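The same subunit A turns up in both complexes below, where it pairs with subunit B and then with subunit C.
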Partner chain A sequence: MKLYLKSLSMHLRGELEYRVNFILSFLSQIFVFFTYYFIILALFTKFDHIKGFTLYEVLLCFSIIQFGFSFNEVFARGIDKFDVLIIHGNFDRLLLRPKNIILQVLCSDSDFVKVSRMIQALIVMGIALIHLEISWNLFRILCLLFMLISSCVIFFGIFLAAAAYCFFTVQGLEVRNVFTDGGKHMAQYPIGVFQKGFVLFFTFVIPYAFVNYYPLLYFLGRSNSIYYAFSPLLVFFFLFPCILLFYFGMRRYTSVGS
Partner chain B sequence: MSFIEVRQISKTFRIARKKSGLKESIKSFFKRDFIHVKAVEDISFSIDEGEIVGYIGPNGAGKSTTIKILSGILIPDSGDCLIDGITPWKNRVEYVKRIGVVFGQRSQLWWDLPAEDTFDLLKDIYEIPEEEYQSTKNDLVNRLNLQDIINIPVRQLSLGQRMRCEIAASLLHNPKILFLDEPTIGLDAVSKQIVRDFIKKLNKEKKITVILTSHDMADITSLSKRIILIGNGHVLYDGSLKKLQNRYECEKYISIKTKDRLFIHKKGIYHKKKTKDGYDLTINTNEISISELLNVISKKITIDDIEIETDNIDNIIVKLYKDYQI
Partner chain C sequence: MRAYFTYFKLKFISSLQYRMAALAGIATQFFFGFVYIMVYIAFYESGSHHTPMSMAQVVTYLWLNQALLALVNQFSREEELFKIIKDGGISYELIRPKNLYFMWYFKVIGQRLANVLLRFFPLIIVTSLLPSPFHFGLPASFSHFLLFLFSLVLGTLLVTALTVFYPIVTLTTMNEKGIVNLMISIADILSGIVVPIPFFPTFLQKISSFLPFQYISDLPFQLYVGTISFEKGLFGMMIQFIWIILFLIIGNFFMNQSLKRVTVQGG
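Moving on to the complex of A and B:
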């Protein structure tokens, strides 16, 4: 952990070497984010609700997913950009060091510009919470917290699985974007609004439903099942196969020419 | 049992074959042909502690693949390898603490930060105790003359300066074995000399084992007595450099300055060429000794001047590659 924090601070210092670039990128992220935001706003000028979910309910869902995704972009950038690590041959160097590989990949890169997205996600979440009339209690607070955590965890798992994919082929990376970016865009809406096949897929294969659907039902008071409040914790089980997949892929690593 | 024991290592890569051109690129996106390339085959050798071994061969011979296997980056398809009692790819974490690796073509330093920050991070990665770290670092800084450059962002250093920092970074944890993959590539004569002298001293004082690959034969001759020649994935020669040189040294180039005409036909003289002010001869000293030749020639003509040359090491290597058809 100490090692990770140290490399984080080194990345930050490295990025701050290019001050103007950092500020401009930071600002440009705000515009990118608001286009996503406006798409949802625009949608709701036509429709009052999507399958019973109102604007602010969808925004809450959206902000939770955006937060988890951006969190990983900042703190697990090395895993997100794992293909670059492989293509440039820098993964060799990690293998030469006496530390856990996943930890080292985490240490290898980070993108502090995306902090701006995390902040914006929290702002949108704040707006949504103000407009929603939530009858707060301890379980609702916990539920919200679990949703945020599980959102970070699920994207970490997906990034890791996508990184494992790089061991098998460094090309055709669009396939993995279907699951990272594509998954993110779908999960911005409560999974329940989709067709049954999708719901099953996003419950049992990539468990987005435990991040933003079942707990959301409890949080909004549409379900009284207390299990739903704790369902985000199931997402941790999703991590195991992702980690295994990564180590399995590592055995097939063939490096690149010198 | 030697310090480094490599037995019959083979590694095959599967490479997607692609023809040039956009159309072919698109085609290969959907359907790929694969060819299997044997990078190394049946490589065996052993190295004692404290040796410096030059590992040479033309581009694509399998040098880097061997280094990557020995350093635990790649897992061979077959074969065994025991280094200091450990199989590199089986006990990675324990093993890599004992080795240092320098890739001349790749940097391990943080591009935007001073080298000292990288050193600091390496201290944590290798869990080097503070005192030991300080003394090793100071020692390396003095030996490699880094005082003025470790506080400058790496991107602003010259290649020679950077390489010195790279080498220091690979030695902070006091490894027993040092792998150097083309450590002097792109360096000027002075920097090369600094690097060579440093490695030589290090080997002598700390008994560190060094495995070195390079295309600059001067690196090899100045550092190692033993070379391993590899071509097409096989070990072709393993032995002393001197022996190899002797094998080719029997060929001498003699240029004679004279105003007379020379007619000479004798066993041992392979090539005679008229030049502007004399003749160039190539002889084999096993068949004709130099004194014998001079004797014959001086009887026939007046020699104004004479120069006798032996092949330099680069030419020997070119011939060697030719002889082994690699």
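Moving on to the complex of A and C:
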């Protein structure tokens, strides 16, 4: 942990060396993020609800998923850009060191510009929460926290699985976007609004539904089942196969040399 | 003219080499087409009082978008042009006794055409065989279809003029981040690629009609599905034409200006 924090501060200082560039990118990221929820805002000027969910409910759903994704873009950038490590042969260097390998990959890169997205996601969430009338209680607060945490966990798992995929193909193909960006795009809306097959896929294969659908139902008072409040914790089970997959891929790893 | 055409051919052929990448691209675009369409289906099934397009029209619009994305998208940046500006490769380009602007212009258009040719047909053929909510429909009428073809050609010329313009800005600033990225993300929204223009709030539709971005792909696509009348389409094509001329003039002017003071990076 100490090692990771140290590398984070190193990357941060590195980025701040190019101050103007950092500020400009930070600002343009704010706008880029806006394009993400622009589609939701625009569609809700023409439609009143999506299968019973109102604008602010969808925005809440959206902000939870985006927060977790940006969180990983900032802090798990090394895993996101894993194919670069492999192609340049730098992964061999990491293997030589006597430290946990996932930790080292985490330390290899980070992208602080994307903090702007995390902040914006939290602002959108705040706005949504103000407009929604939520009868707060301890379980609802816990539920919200669980949703945020599980959102970070699920994308960490997906990034790891995508990285494991690089062991076999060397180059990270466009296809992996299907699972990260495509899944993310759907999970911006309450998953239940889509056709049955997709709901099942995003419940049992990639468990987005446990991140921001079932708990959302409890949070908004549409379901009284207390289990729904704790369902985000199930996402941790998704993490194990992802980690195993990564280690399995690593055993088969042959260096590309350089 | 012959020389420029050779540039076009060169880029075209070399882009055709990446067939595997195209295959992966097609698969991805299929998936994203489905994802986008499903969001709209969910909205339409919820019912609404005033939708600007019918669901079949939206679906056809979205498939056109996916099929022609490689041709008309405004978010892909010409990395190669940015690179030669930064690493000094531009000096080789300057030695050649041809207009640099049009050299770049034909390179970009060749690349775009090659990319789209590989992806367009499989996507359109498969999607027109799909059953109802996902079905890719026929054009609104024959005259609409003709206008669609012409305005698509104009839109391609316009988007190329626009993408060549970004590296030219980089000639003076030497850094394409910041301003160029900002312009690209504005273009991304106002092009109608994220949401078709008719779904915009009214004030944004007004603003957008004074900017070039919606005349690249939104106009031809709307002509195809028939949400724009024949007369309005003709008027729109006139505006396309004006924007193309404007960007060609501005681009050429800026390029000549900055080439007078260009610093070659590296040796």
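Just so it is clear, the second predicted complex is superposed on the first by the 256 of 258 C-alpha atoms of A that agree within 3 Å, B and C clash if a C-alpha of one lies under 4 Å from a C-alpha of the other, contacts with A are read in each partner's own complex, and residues count from 1 in each chain.
Quick note on the criterion: contacts are C-beta pairs under 8 Å (C-beta built on N, C-alpha and C of every residue); 3 or more make two chains touch, one makes a residue touch a chain.
Note that the structure is a prediction, hence the values are computed from the model and not measured.
Partner contacting the larger number of subunit A residues, of subunit B and subunit C: C.
Residue contacts after overlaying the shared chain place A:126 against neither subunit B nor subunit C. Shared-chain residue A:221: touches no atom of subunit B or subunit C. In the superposed pair of complexes, A:251 makes contact with subunit B only, with no contact to subunit C. Of the two partner chains, subunit C is the only one touched by A:46; subunit B is not.
Residue contacts after overlaying the shared chain place A:97 against subunit B, while subunit C stays out of touching range. Contacts of A:182 after superposition on the shared chain: subunit C is touched, whereas subunit B is not. Of all the residues in subunit A, the ones that touch subunit B in their complex are 2-3, 6-7, 10, 13-15, 17-18, 89-90, 92-93, 95-99, 171-172, 251, 253-255, 257-258.
Put simply, subunit B touches subunit A in their complex at residues 13-14, 29, 64, 68, 71-75, 92-94, 96-97, 99, 101, 103, 105-106, 108, 110-113, 117, 120-121, 124-127, 153, 181-182.
Chain contact summary for the complex, subunit C toward subunit A: residues 21, 24-25, 27-28, 31-32, 35-36, 38-39, 42-46, 48-52, 175, 177-179, 181-182, 185-186, 188-189, 194-195, 199-201. The part of subunit A that touches subunit C in the complex is made up of residues 21, 24-25, 27-28, 31-32, 35, 38-39, 42-43, 45-52, 173-175, 177-178, 181-182, 185-186, 189, 193-195, 198.
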